[in-house]
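Read through the structure below, which is laid out as C-alpha cells, and then see the notes.
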C-alpha cells in the first residue's frame, strides 16, 4: 500500500518521460494523479498498519496533508491539460515528469515516520520543483530558479544538521540511536536539552525556509512570480504544507521533551513577523503573482502562529492546511488564466478581468474573498478559530497583531485585486488567443466549490480526522 | 368652556389689530397720522374679494402654501394659553407640537415660494430656512427653563405658572429669557431689525418676498396667518414679560388684551427707532439670542 | 384570532421559511436564459414571502415569547441556535416590508430587458442580502452570526458594484468593503471575548453578564465599533454616503432602510447581555448619537447629489436612534424607568419610521434619476408637473423625515423629546435636557435639507434639458412608494398603535420599565397627539374650502411669474439647490464646507464662464486619505528589504539562526 | 587512528581559511575538492571496516573529489572568469570573521554535552566551524560560483558531524542524503551554466532584477 503510493507516481514519471507527444502527456499525468488520489482515499478509509520497523506509518497528520496534496495535484494536473495547450511552443516533458516525481516524494513525506527519510523526500521535492520554475526559460525565470534552489538547499541543509543534532542527542543519552519519530518521542525525556534546543533551532530554520516563514521567505516572491500558475499553486498549496508537516513532527517531539515553550514562542514570533512582512509587501503590489506569493507568506505565518498558540488553535492550523491549500489553488490557477489572457502580470495593465474573462475573473475575486477569511469559505473557519482561541487564551497582544495585520493585508489585497477584476478593459490592452475553457476554468471552479463546502459544512470523517490529529499534537479531546 | 370660546374668538378676531397698532405707533413716531387701527382688517377683506393671478410655473404646492401656513398657526393658537387662562388643548409635551407646527407651516410657505421659480422668492426662502433653524434652539431653551421653573410639561402649565413670585426668585434667568425670546419673536415674525415688511426692495426681504406671487384670497390668508403668528408668539412672550394676573376671569382677559396691545406698541417703537440689520449680522444676533436663553437655562437647572 | 392561527402554524417557522424563500428568490433567474421571467418570479416570491412573514412577525411580537430552533451544522463552534424573540421579530418587519417593496420596484426601475448583463446578479444578491438580514436576526451562535453578517456585507458589496464600470462606484465599493471588513474584525474580538466569558459561542441571555469586568467593557467597545461601522454612527460613517449614493436606488432603499438597522440591532442585542451597564456606556452612545445626528444633517444640507443627501440624512436618523438607545441605557444604569421606556420607545419607533420614509425617498429618487438621468439636483427642477403623483409621495416622505406633524417622524422624535425633558424635575441626569435644543436644531436643518431637495427637484422650471421631459412612474414603481407613504401617514395619525407594537420589545428586556401606569400614560398622551393631528388635518380642509369658495367668486387669470420688474428671467436664474443651502452651510463653516470655485470675471463684458461647488468629506479627505498615503510611503520604504541581493538573503537566514540560538541558550 | 582523523580535521579548518582567503575561483574549487577528499577518507579512519563503509567512502570521493569540482571548473571556464573581484566584504575582514567564528564554534561545542570518546576530539567544533565558514562565503561573495562553493563547504561541515553518527543513521538515509546533495549541486551546476549563457557572467549581483521597486 505504502509502496504503491510512492511507486505509482514514479512509474507515471517514467511513462511521461517516454511519451513523445506533448499533447498526450498532460492527460497521462492527470490519469496518474487521479489514480494516486484513488489510492489516497483508499488508504484514508482503510488505514494500513505500520510498516515493519516503523519507517512508514500514516497517522492523522499525514492523512490530512496527503489528502490536500493529492487533491491539489489532481486538479493542477487537470488544469495543465488546458494550460499547456496554450504553451505549445515549448516541450512539457520535464514539467509533467517533474510533477510526478514531486508527487511521489510528497507522498513519501506524508507517510514516513523516519525523520531522515522525511528530510530526503523534502529535499527531493525541492529539487524536482526547480526545473518547473525554470519553465519559461528566460533571464528572470533562471534568476528565480537560482535563488529558489540555493536558498532552499541551504535551508534544508540546516534542517539536516538539526536532525544530526537530534541523533547525536540520542547517542549522548545512551539510548538506542535512531531518527524514528516514535523512538525519539519515547526517549525524549532522556535527551539532553542542549542538543535538543540546538536541533529545534536548526530544524525550525530549515523547514521554515522551505515553508517561507519571514525572514527566510526571500525566495518566494521570485519563484512564485516567475513560475507558471499551476506550479505556483503546487508550491504554495502543496510543498508549503509538506514543510509544515515536518514542523508538526518536530512539534510532536518537542511536546515529549520539556522544550515546548521555547518552540511555541519561536513559532508565534516568526509567524507574526511573517504576517507583518506580508502585510507590508502586499500593499500596492504591482505584480499580482508576487502578491499571491506574499499572501502565501502570510498564511504560513498564520499556521505557525496557530501551532505556537496551541490548544484550540491547533485545530485551526490543521484545518488551514486544507483551506489554504485549496484556496491558493483557486487563486493561482485563475491568476494563471488572467496572466495568459492579458499577457501581463502587472496590475496596471490588467483591468476589468470580469468583463474579459467572466469565469476566471470571478474565480479570482471569489478566491480573494475566500483567502482573506470571509465566510462562507473554509479559511474563515480556520482563521476565526485561531483568532478566537488567541483571545480566549488571553493572548490579547498576539490576537491584536494577528487581526491588525489581517486587516492591512485585506486592504492591500483589495486595493490590488478589485481594480484588476472590476471596471472596463483598457482599450490598449493586448489581445491574446486565450479563452476560458472547461479545462482552464473547471479545476479552479471545482477547488472553489470544495473551499465553499468546507466553509459551511465539515464532513464527520474529516472532523474526526482533524480531532485525532490535534490529539496527536497534545490537544485534550 | 366659555374661556375656550373667548380664546378662540380672540384668536380669530384680534390678530390684525396688532398690525394696526404697530402701524399706528410707527406713524406717530414718524409724525404722521397713519392708517386707522382697523386698516389690516380692511386690507384682508379687500383681498378676499379680489380675483387671483396664478403663475403658469406653479403647481398645487404653490396653492397649498398659504393654506397650511394658516391651518398650522390656527392649531398652534389653540395650544397657547391666553393670559391666566389655560389653553383649550393641553397635554404633556404640547410645547413640542407647538414648536413643530410652525415648522410645518414654514415648510409649505418655502415650498410655495420656490414653486414660482422666481430667484427672489428663492432668496427669501433660503433666508427663512436658515434663520428659523437658528431661532429653533432659543425657543427650546425657553421651554426648558419654563418647565423647570413650573415643573410642568404643558404650555399652559408652564406659562400660567409664571408670576411675580417666580420673577422674584429667578429674575436673572427670566430677564435673559425675555431678551432672547423678544429677538426670536421679531425674527419669527420678520419684523425690523430682521426684515422690513413694508420695504419695496425685494432683494432685502425675507418673508414678504416669499409671498410675492400670491394674490387675492390666498394673499389675504397669508396676511391673516402672519398676523395670527405674531399674535400667538406674542401671547407666549407676554406671559414671560408681563405676568400679571388677577383672580377674576374677565379681568384677566382684559389684562391679556391690554398686554398684547402693549407688546404691539413696543414692537412699533422698536421698529421705528431701529434700522434693518445687514443680512450678514442676522445669524449673529440669533445666536446671541440662543446664548441668552441657554444661560437662563443653565441658571435654573444648575 | 392570533391564537387560532398560532395553533395552525408556528409563526417562527413561517418567518424562517419566508426568509429562506427570499434568499432563494433570485436563483431561478440565474439559469433562465430569457430576460424577464426570472425577475418577475423573484419579485412574486419575495412579495408572497413577505405577505406570510409580516403577520408571522407581528404575532411573534405580540405573543411575547421566544421560539428556539437548533440548526444542525458541521462546524466546531457548538450548537447553532435560531431564536426569534420580540426584538428579532420587531426588526423582521422592515426586512420583509422593504425587501418586498424593493423587488416590486425593481421590475420597473431595473427591468431585465434593459439591463441584461447586470439584472441577474442584482436580483440574486438582492434576495441574498434580504434573507441574510432576516436570518441574522434569528442567529444566536456568535460564529453563525458573524458568518451571516459577512454574507450580508458581501452581498451588499456586490449589489453596490452593479455598475462597476463607473470609477466613483468602484471607489465607493472599496471604501465600503474596507470599512465593513474592519468592522467585522472588531466583531471577531467582541464575540471571542464573549465566548471567553461564557465558555460557548452562544450569545448570552439577557442580563446574564456583569458589565463591571474589564473584559466586558472591551466586548462592548468592540461591538460598538463593529456594529457602529455598519450602522454609520460617527465617526464610522465615512463609507456610507458614497455607498448609498452609488447603489441602484431600490438597493439603497434596502441598505439605508434596513441594513443600517442591523448595526443598531447588534448594539441593542449586545447591551441586553449586561444587567448593570455603567453610566459611561450610555453617555458614549448618547454623545456619539447626537453628534452623528447634527453632523450628519449638516453634511446633508451641503450635498448637491440627490442620493448623497438622502444618505447623509440616514446618518442623521441613525444618530437620533442611537441617542434614544443612549438615554435608555442611561436610564438602565440610573434605574430611571421612565427614561428607559421613553428612550427605547422613541428609538424603536424611529427605527420603524426611518425604515418607512427612507425607502420611500430612495425609491422616489430612483424614479427621479430614471426620468432625468442625473443625480445632480442643480440640473433638475419642475419635475413635479410631469410626475405629480411621485411629487406628492415624495413630499410626504420629506415632511415625515423632517419630523414634522402629522406624520410618523414627529411621533418618535416627540417621545425622545419627552425623554430628554423627563429628567428635568429630577436631580440626576438633568443635563440630558440640553439634548432637546440640539435635536431642535437638527430638525430645523433637516427642514433646510429637504425643502432644498424637494423644491429643487420638483418645483420651479426645469434647469436643464435632462429634466425637461419627466414622465410619471409606472404602477410597479408607484405602488411601493404609495404603500410606504400610507404607513407614514397611519403611524403619524394613530401613533398609539405603533406604541403597542414597540412595548412588547421593551417588556421583553426591561419589564421594570414597562409598568402599566407608564404605558397607559403615554398611550393617552399619544392619543391627544393624534387628536391634534386630526384637528390639524381638518383645519387644513376648512381653510381649503374657504379659499376655494372665495376663489370661485373672483376671476382667475394665469401669467408668468412676477420677476420683480425684470422680464427676461430664465430657468437658470432660479435659486438652485446649492444657492439655497449656501447660507445655512456658511453658518457651519469649518465643520462642513461647500468648496465653491467662482470664476474670476474681467472687463465690462466678461466671457462665458462657469462656477462649480464640491461639498467636502471632512473626515475622509482630512484624516483617512492622508493616513493611507502615509502608510503607503512608509511601506514602500520598507519594501527595499527585498532587493534581490542573494548574499543579503543568506545574511537574513544567518542572522535569524544566530538570534534563535542566542534565545535558545 | 582516530587521532590521525583529528589532525586531518585541522587540515579541513585550514582549507576553510583558504576558501575564505583566496580570490582565485579555480583555486578555491580545488581547495574544496581537497576538503572533500579528506572527508572521504575520514570515515575509514574512525570506523571499523565494513562494506557499507567502503561504499560511502567511494561515493564521497567520487562526488566531492571529482564530479562536482569538474562541473564547477567547466562552468568557470565557459564563463571565462578567473577571480572573485570586489567581494561584498574584503578578504582580510572575512578571514578575521572566519577566525572569530571558529573560536565561537569551539566555545559553543564546549558548552554542549558530549560522548566521552568524542570529548577530546574536535569533530563537533570543526563541523560547526566549517558550517560557519560556508555561511560566511555565502554571505560575503557575490559570484554564483563562490556561492556554490560556500554551499559545498556548508555541506562538508554537516558531513563532518555526520561522521559521529554513522551507526545512528542507517546506510540508506546516509546514501539518500548524499544523493540529494549531489543532485542538488548537480542541478546548481546546470543552473550556473544556464546563467553563464544568459548573462555571460556568474556575478550574482547581476541576478538582481527580481525585487520590489
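The letters A, B, C and D name the chains in turn, as written, and every chain counts its residues from 1.
Methods note: a contact is a pair of C-beta atoms (placed from the backbone, for glycine too) under 8 Å apart; a residue touches a chain by one contact, two chains touch by 3 or more.
No experiment lies behind these values; they were computed from the predicted model shown.
K.L.:
Ranking chain pairs by how many C-beta pairs touch, which one is first?
P.N.:
By number of C-beta pairs in contact, the leading chain pair is B-C.
K.L.:
Which chain is most remote from chain A in terms of Cα centres?
P.N.:
B
K.L.:
List the centre-to-centre spacing of chain C and chain D in whole Å, with centres computed as mean CA coordinates.
P.N.:
Computed from C-alpha means, the inter-chain centre distance equals 70 Å.
K.L.:
With chain centres defined as C-alpha means, what is the inter-centre distance between chain A and chain C in Å?
P.N.:
Chain centres of chain A and chain C, defined by C-alpha means, are spaced 44 Å apart.
K.L.:
What whole-Å value do you get for the distance between chain B and chain D if each is reduced to the mean of its CA atoms?
P.N.:
100
K.L.:
In whole angstrom, how far does the Cα centroid of chain B sit from the Cα centroid of chain C?
P.N.:
Distance between chain centres, rounded to whole Å: 36 Å.
K.L.:
Could you list which residues of chain C touch at least two other chains?
P.N.:
Residues 639, 642, 644, 646, 650, 665 of chain C each touch two or more of the other chains.
K.L.:
Could you list which residues of chain B touch at least two other chains?
P.N.:
In chain B, nothing touches at least two other chains.
K.L.:
Give the residues of chain D touching no fewer than two other chains, as numbers and ranges.
P.N.:
If we look for residues of chain D contacting two or more partner chains, we find 111, 138, 147, 204, 207, 209-210, 212.
K.L.:
Of all possible chain pairs, which ones touch?
P.N.:
Those chain pairs satisfying the definition are A-C, A-D, B-C, C-D.
K.L.:
Can you check the complex and tell me which residues of chain C touch chain B?
P.N.:
381-382, 384-385, 388, 391, 395, 399, 402-405, 410, 414, 417-418, 421, 424-425, 430-431, 433-434, 436-438, 440-441, 443-445, 447-448, 450-452, 454-456, 458-461, 524-525, 528-529, 531-532, 535-536, 539-540, 542-544, 547, 550-551, 553-564, 569, 571, 573-575, 579-584, 587
K.L.:
What part of chain D is in contact with chain A in the complex they form?
P.N.:
Counting only chain D, the residues touching chain A are 111-115, 127, 131, 138, 144, 147-148, 151, 154-155, 157-158, 161-162, 164-165, 167-170, 172-173, 176-177, 179-181, 183-184, 187-188, 191, 194-195, 198-199, 204, 207, 209-210, 212-213.
K.L.:
Please name which positions on chain C make contact with chain D in the complex.
P.N.:
Touching chain D from chain C are residues 639-648, 650-651, 654, 665.
K.L.:
Give the list of chain C residues in touch with chain A in this complex.
P.N.:
Of all residues in chain C, those touching chain A are 73-76, 143, 146-147, 150-151, 154, 161, 164-165, 167, 170, 173-174, 177-178, 181-182, 185, 188-189, 191-193, 195-196, 631-632, 635-636, 638-639, 642, 644, 646, 649-650, 652-653, 655-657, 660-661, 663-665.
K.L.:
Can you tell me which positions in chain D touch chain C when the two form their complex?
P.N.:
Residues in contact with chain C: 88, 111, 135, 138-142, 147, 204-205, 207-212.
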